[in-house]
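Just so it is clear, A, B and C label the chains in written order, and each chain counts residues from 1 on its own.
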């Protein structure tokens, strides 16, 4: 599927594939209408973990990626309700976490994991 | 906790004021009380010093200062009563309470009611769990009304119409007025509900301002455990967007001190007041508080 | 300190901003050259930008990207940490970083393979040892033989591993040569993205972009953009312009949860010393907000600077001037004040 080169989905996809060296990053078809936006997730696999000790056996971890844009002046839109809806409507049930990709207006994209519910660091 | 319910601890309220308002600090002086509430997960912060002790910032003594949420939680669970400490303006505070009591009461009444509903729901769930453990699932339905009644009677509930309540209040001891004041003026009610929800999940909270949050949550007694999470002030679940810059800050902060950044908010809107019955609460599987934990992904 | 910087860096980043003053006041001919240069500069070196639907401002020509980076460190490469280096990282053979990265990666995988094998052997050995404790004397001989065999295998794999690691770098260099000698159509996925305030600075203060400041703002902002949005943008721009005109290199501070980072000269020369948070002079935040910011900044050994911007006009006046795109009047009616915020611990800050 070709992705609109103007979209934040494309920026996140390109960044993950060509900068962070992720694999199989694709934009998902399902979308969620939220206020006046359409929210779409991406799915992909991280490169092998940099710490050699906690490599996964089969090495096929797939993560959902939620792109959001952040500009210096525009208002933000991601509420708790919105996050709950994203989990409900766009993810497989039992999805534990999302990779939040914040697309800034300064050319950078920063990544954070968002776990549903309370999650201690020990369980990671 | 049952022992405490029979013999509630005494929380002394120290009254002070600054330019804008009267400030209440909930304090506990009695060491046995401090021990008792620590056993049920309320730790407070020791704050007593001696003017000439050089190590005063490290070794503090009684009184134990409570977060407002801790004081409210103790009171709502029937483990504490309030009294006013004598001080320069404590008498003026009583007048203030009297003059504002009507308004304070209105504000806090709604909030307290909400909490009773939550309490009921929680206890009911606990009850069912307990019954399951004992292997008497089948009888729950039959005995439902009976056990409901039992739960009701175990709650700290004031069920009265308004005028009745007014009467009740005007005759009530200082405890009621103080809790009203605390509820109405200090804690955002949503923050309290976050506190309560975390407490029910066996986390122990301490003030988080030093770490850039509302609470720091420990998985057990802070003396035995490192804290897992920095909990942010409650967000408005429906209308307050998560500030991405702040999230970046919070998560980055967490990485260096091995804590997750936790955001939460309260879902009020999905339940009309009229259907806040115990049955409906049970049918509705959604939690009232929604949490998310954020962590830096390690790249980008 | 200055001597530490390589000559190459000093030479490459000789101009702090995209202006080349050649004016010598004693020599009238230089005035003519200067005027000519101004004129031709204006005509010829206009830097092309494109603005996405999402409001992102992109520079895609490689020369322009390099020019903006070298003249004041404007913009960020979308696939790089800061300088747009993706293309050379990926294709260029005179940059060895890519090759080095590849070697590290291969080495890592080899090491992993070796470790796994060794683990298997160790496990087997342990099992054998346990057996030896239990079994009778006859069996022991067989077990000892097996052990010796395993130890031999282990030694062998260690030898292999070492050889592989040594031959690796040589083979990768060869592969690299082969790849670059092939005539592939090289795609550049990277653009240089400018922050809106940078784009305004480069069209309003130092006009080098091929867009006029009013057109830029009309593209970035909806016609019915609300007052709050516009005020927020004005605040950020005023702060940006303020530090740029005081000679600082200003870059985005998003990674530290703040608005800007200030560099004395630029990212290749030293780390940023200061995190700037731009605050409307009317706004107030609760204590935890400041404390979070300050913790993050001090965690990165940076000073937190709160930059208060006060617009001396009321909202109607601002909106009216904004509609007319009279930016000069708006900006000259702004005041900037600064406060350094630092956590102070009585036990630790005794000196």
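Here is the rule we go by: contacts are C-beta pairs under 8 Å (C-beta built on N, C-alpha and C of every residue); 3 or more make two chains touch, one makes a residue touch a chain.
Just so it is clear, the structure is predicted and the values come from calculations on it, not from any experiment.
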Requested in this report: Average the C-alpha coordinates of each chain, average all protein C-alpha coordinates together, and give the chain whose average is closest to the overall one.
Outcome: A
Query - Contact-richer chain pair (by C-beta pairs counted) among A-C and B-C - result: A-C
**Report entry** subunit A and subunit B, separation of their C-alpha mean positions in angstrom
**Finding:** 34
Report task. Determine the centre-to-centre distance between subunit A and subunit C, using the mean Cα coordinates as centres, and give it in whole Å. Result -> 21
Report task. Find the geometric centre of each of subunit B and subunit C from their Cα atoms only, then give the gap between the two centres in Å, rounded to an integer. Result -> 44
Report task. List, in ascending order, every residue of subunit B touching at least 2 other chains. Result -> 245, 248
**Report entry** For subunit A, residues that touch 2 or more chains besides their own
**Finding:** 15, 70, 75, 102, 108-110
Query raised in the report: What are the residue numbers in subunit C that touch two or more other chains?
Result: 254-255
Query raised in the report: In the complex of these two chains, what residues of subunit C are touching subunit A?
Result: 52-57, 75-80, 86, 90, 108, 111-112, 115, 189-197, 228-230, 232-233, 236, 251-252, 254-255, 259
Query raised in the report: Any idea which subunit A residues touch subunit C in the complex?
Result: 6-8, 11, 14-15, 18-19, 52, 55, 69-75, 102-110
Query raised in the report: Quick one: in the complex, what on subunit B touches subunit A?
Result: 198, 201, 203, 219, 228-229, 235-245, 247-248, 251, 258-260, 262-265, 267, 290-300
**Report entry** In the complex, subunit A residues that touch subunit B
**Finding:** 15, 20, 50, 68, 70, 75-81, 83-84, 99-102, 108-122, 124
Report task. Quick one: which bits of subunit B touch subunit C in the complex? Just the residue numbers, please. Result -> 57-58, 208-214, 233, 245-246, 248-250, 252-253, 256
